[in-house]
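In what follows, subunit A forms one complex with subunit B and a second complex with subunit C.
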Partner chain A sequence: MSLLRYTLRRFAQAIPVLIGIVTITFFLANQIPGDPVDIMLGPTPAQEQVEAIRARYGLDRPIHVRYFAYLSSVATGDLGLSIYYDRPVLEMIILRLPVTLLLMLSAFAFAIITAIPLGVISAKRRNEPADHVSRIISLIGVSTPSFWIGLVLIIVFAFYLGWFPARGLVLPWADPTNVRGAATQFQVIRQSMHHLFLPMIGLGTLQMAQITRIERSSMVDSLQGEYVKLARAYGVPESTIVRKHAFQVAQLPVITIIGLGLSTALGGAVLTETVFGIQGMGRLIITAINNQDYQLIMGTTLVFGFVYVVGVIITDITYSYLDPRVTYGDE
Partner chain B sequence: MSVNSATSDDDTPDDGDESGGPEEVEARVGLRYTLKQVRQDTTARIGTYIVGFMTFVAVFAAFDYYVLDYAIAEAVLYNPETDPENVRRLLPPVGMENQFGQGVMAHPLGTDHRGRDLLSRTIYGTRIAMTVGFLATAIGLGGGTVIGAVSGYYGGWIDDVLQRVTETIYAIPFLVLVIAFMTAFGRNLTFAMIGVGITAVPVFNRLIRSRVVSIREEDYVEAARAAGVKDRNIIFRHIIPNSFAPVLVQATLQVGVSILIVAGLSFLGFGAQPPTPSWGQMLSASRGYMLPAPTFSIFPGIAILITVIGFNILGDGLQDALDPRINN
Partner chain C sequence: MSEPLLSVRDLKTQFFTEDGTVRAVDGISFDVHEGEIVGLVGESGAGKSVATSSILRLVDSPGEIVGGEIEFKGETIFGLEEGDDGELRPRDEMLTEEEMRKRIRGREIAIIFQDPMESLNPVFTVGGQLREFIEINRDLGAEEAKEEAIDMLREVGIPAPESRYDEYPHQFSGGMRQRVLIAMALACQPDLIIADEPTTALDVTVEGEILEMVTELQDKYDTSFIWVTHDMSVVAEICDRVNVMYLGEIIEQAEVDDLFHDTKHPYTSALLDSMPRPDRTVDELRPIQGVMPEAIDPPAGCRFHSRCPEAREVCREVHPEPRELSDEGEAPHTAACVKHDAFGVGYDESPPIETEATGGFSAGFTETGGEAE
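== the complex of A and B ==
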């Protein structure tokens, strides 16, 4: 019960931040030079036509009226109409968001699965060769641009070795009839994983490196803790100490860094989608900007912020769930 | 207890022993102390060499560009911006071969899609990366210091308002925020720099604010306040100088982060505009030729990697060198 209440409270606390995001995106989008109507109708439109369009998209009203109108329509889940595509923004985002989320989730899964063993080994064998190797990997990981990793992966694994496709993404839940070369759902899933592999590594490497660094330093601290000394004094085997006593406590900072890494990863998704030609949220925002489709720019920016805020809340809840010291305020 | 670079042999440098001895009274803050610690820390020293070298290249490139109009580049190598007369497109590095021909000594790293020398473009790309890295960090540092100091020192509603605003900025993934910012104000390098700087404000704000909150109650700050020193002077003369070490570490790491973000922006077409050589934009151009001329995509990336590694090693080394817990 208290966990549920904590969750609800965290969501309530996020509301001002979400309003802030709407405000920032609204005023940034309104700064965009060039009149969207000009872009739609060409250089010499008829006056009535301009006015009709302005009225249709609500552009004839003063800015503060539009701001509050936008705020209230966002609150009801309406993100407006895309000026360029003449389709509801929310509808376009719903098509693209799963692609980006799939990419993000797989990248974080890759990062966590590789980083935790690397960090633990590094901490356990501190200053031994294994530690040096793991630290070189993580140093290179935090210093390499994700899009360049993507390019190198394409050159090596798609063009040179031909193991993975260089472009595009198939969603694992896609209808087999719409996927070339797939007859069953299982084949669709296989194709999807095949496509996802390189982008996942490209996007996940930075997260992997950051988690490894935190995992290592957190484990080093944890292995020097009093409870570890006590367990050793009782003759508990070293492997049990690492696995049970030190490891669990050391995961709390790791969860924090995963939450903070979401922001970098969402930005990285824009680059990774560009490199691999994946039609997700990242490509959508770039297309929106190139078309000066400012309703779509606002909507996509907003959803990026929203995904981040929800992600941080999820990591906070995981944190409080795992940390026995955190109470939910009413215990 | 930071993660040190792999090049260091020891996690806990034993060279801090001489400082802070009973007969030697030296403040553990300030520039001179920092330089001394850096000299004694292997990791920090290697980082300093890389950063120093890249800074030198950048200054040289800037001098050649602004003052000499690429006279040195043309005399020694090639002009990085103009297309050559007898175009030899997409040549591989020397000693290699591709469908466009064989690598030649004249173009050690090969040529790009317009026949321009890749070595020269990679060297002159340093200018953009370093300028943007340093200036964006300076903007973030300046903004974050003022907001964090004011917020932490006064507390109350000022703190609440300022922290909610920076929290909101932090809540938009920063690449997306910078892209939206640049679309609104201008798609050029100046706004890329300002945009990346703004995304760094929350980082420094958080750091400075926490320092200020903990230092605010120290005896010497109390004493200064009792003696009638103005708030502004207390913040800028006492509190901020005492936060020098962690800020320096963060700023060093932030330069690396900024270089990565700006490279990403240029890759998406939001940074330096052609023909100005910039690493991100070179990588963007190389995308069309990954199959016939894969080496085109390699060198700008390596340049980014080495530069950012330099700042990361230096930042980690500084942290170890300046961390009193390790030196004691």
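== the complex of A and C ==
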């Protein structure tokens, strides 16, 4: 019960944050010189045409009127109409968001599955060769931009080796009849995984490196804890100490880094989607900005902000689950 | 006297650091007999905790036991011999790491740590941690171990143990946590418990309760204790015999009454003089002058000479090994100080030296208060 109340309260607290995001994005987007109509109609448009389109999208009203109109429509769940696509913004987002979430989810799965064992081994074998290897990998990982990793992956694995496709993405839930070379849903999923592999590594490497680093330092600390000494003094096997006694305590900072990593990964997704030609939220936001599609810029930014807020809330809830000292704030 | 339960001979543990070799424990010998509480006393940095972790062979890197012998109930916890190539190597009968873990740690020798706030794992329930140790060291099933754990919590005076079993360490006060740690040690039914300054972090009233409880439980279970402390009043309260450590060496060893009333080493006297007592005012307190030198490069001669109010020239040159100083028929009492005639190195003829304690020649002649006569 307290968990539900806590979650609801956190979402309520997120509302001012989201209003802030809308406000800042709204005024920033409107500060860009020119407007979408100029882009739409080319260099020498007819004056009546311009005014007709402005009126259609409500751009002829003063900026503060538009601002409050936008706020109230967002409150009812209406994100407006995309000028560029000429479709409701929400519809575009519903189409694209699952693609980005799929990419992020696989990137994080890759990052967590590789980083946690790597970090633990590194901490356990501190200053031994295994530790050096893992530290070099993670140092390279945190200092290499994700788009560059993506390009190198394409050159090596798609271009030279031809193991993986370089562009596009087959969605695992796509209808088999629409997917070339697939007869069953299972084959669609296989194709999807094949496509996802390179972008997953491209986007996940930075996360993997960051999680490895924090996992290592956190485990190093935890392995020096008095409770670890106590467990050793009572004959607890070393493997149990690492897996149970030291591990659980050490995961608190790791969870925080994973949660914060969500926001960097959203940024990274924009680049990764561009490199791999994936039609996700990242591409959508770039198209929106390039075409000064106000409604789409605000809609996508708002969704990014929302995903981030959800990430933080999930982090906090995991925290209180892992550490009994953290409570939901109920007196 | 019967075979001792634990016998430590000439134990040496060193830390190999970048600054040099720290001789944290430098050749100490002592015994613990069945049912005895043996004190290990000294200032911070004297090597008490290193000595106790050496007994469990749990010295953290870069530390290492480099010499000596530790025997426990006829088994060799540590012992070296000279191999064919002239290098020292572990003796065949020395317990392996696996045997130490399975047969000695927890099961035969349990430890109570100094800091009850840090010693319990914050993310597991108190009961769960206690149960885990009981399961490992007494070969009990989960259910039996849980019952045993609850009984033990009750035994150490934790109210409502059934409900507190499922609580987390942060829900316990410092004194209660220390009781839990004591319950852990007792619940494994070891023959020897090493208590490493278990009451230092607690306030005095709680300390009193804990000491009283330990004395009671010690009578009941007849467990032997090594009680590590820097507090002479705790020693007086519970110990049977006492070893006084200074800079990695045991400098005096005696039964508790002898130590207090027939003190033989100036360092012990100094420790006793620095202890606040109700019958003395603050002005009469005499803290030990100076700080303990580094164990990396201990002073030549007697290691205490730089702070000793009774130091003479000879103390700089002669390094005294502990000697038996008791008369025939008395309980054993050893000390390592050349002022006793038994050493025969000409202490009486040697001129006093300037030390941090004497502050100069003139002061040295009048300052004789170090002796507890």
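The rule we apply is simple: the second predicted complex is superposed on the first by the 318 of 331 C-alpha atoms of A that agree within 3 Å, B and C clash if a C-alpha of one lies under 4 Å from a C-alpha of the other, contacts with A are read in each partner's own complex, and residues count from 1 in each chain.
One rule holds in what follows: a residue touches a chain if its C-beta (ideal position, glycine included) is under 8 Å from a C-beta of that chain, and two chains touch if they have at least 3 such contacts.
Treat the numbers as computed from the prediction; the structure is a model and nothing was measured.
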Practice item. State whether subunit B and subunit C clash or fit side by side on subunit A once the two structures are superposed. Key: fit
Check your understanding: Regarding the shared-chain residue A:17, is it in contact with subunit B (first), subunit C (second), both, or neither?
Key -> first
Exercise for review: Have a look at where A:226 lands relative to subunit B and subunit C in the superposition and call it first, second, both or neither.
Suggested key: second
Exercise for review: Examine A:323 and indicate which partner it touches, taking first as subunit B and second as subunit C; both and neither are also allowed.
Suggested key: second
Practice item. Determine, under the contact definition given at the top, whether A:286 touches first (subunit B), second (subunit C), both, or neither. Key: first
Check your understanding: A:236 contacts which: subunit B (first), subunit C (second), both, neither?
Key -> second
Exercise for review: Quick one: name whichever of subunit B and subunit C touches more residues of subunit A.
Suggested key: B
Review point. Can A:140 be said to touch subunit B (first), subunit C (second), both, or neither?
Key: first
Check your understanding: In the combined three-chain arrangement, what's the angle at subunit A toward subunit B and subunit C (CA centres, steps of 10°)?
Key -> 70
Practice item. Could you look at A:268 and tell me whether it touches subunit B, subunit C, both or neither (first, second, both, neither)? Key: first
**Study point:** Smallest distance from any CA atom of subunit C to any CA atom of subunit B, in Å, after fitting
**Key:** 6
Exercise for review: Give every residue of subunit C touching subunit A within the complex, in rising order.
Suggested key: 56, 58, 101-102, 104-107, 110-111, 113, 115, 118-124, 132-133, 136-137, 168, 170, 181, 184, 188
Point to revise | Partner subunit C, residues of subunit A touching it in the complex | key: 225-227, 229-237, 245, 248-249, 322-325
Review point. What residues of subunit B sit close enough to touch subunit A in their complex?
Key: 1-6, 9-11, 164-165, 167-177, 179-181, 183-185, 256, 260-261, 263-264, 267-268, 280, 283, 286-287, 290-291, 294, 297-298, 300-301, 304-305, 308-309, 312-313
Review point. Mind pulling up the subunit A residues that touch subunit B in the complex?
Key: 16-17, 20-21, 23-25, 28-32, 126-127, 132-133, 135-136, 138-140, 142-148, 151-152, 154-155, 159-160, 213, 216-217, 220-221, 262-264, 266-268, 270-271, 274-275, 285-286, 289, 297, 300-301, 304-305, 308-309, 312
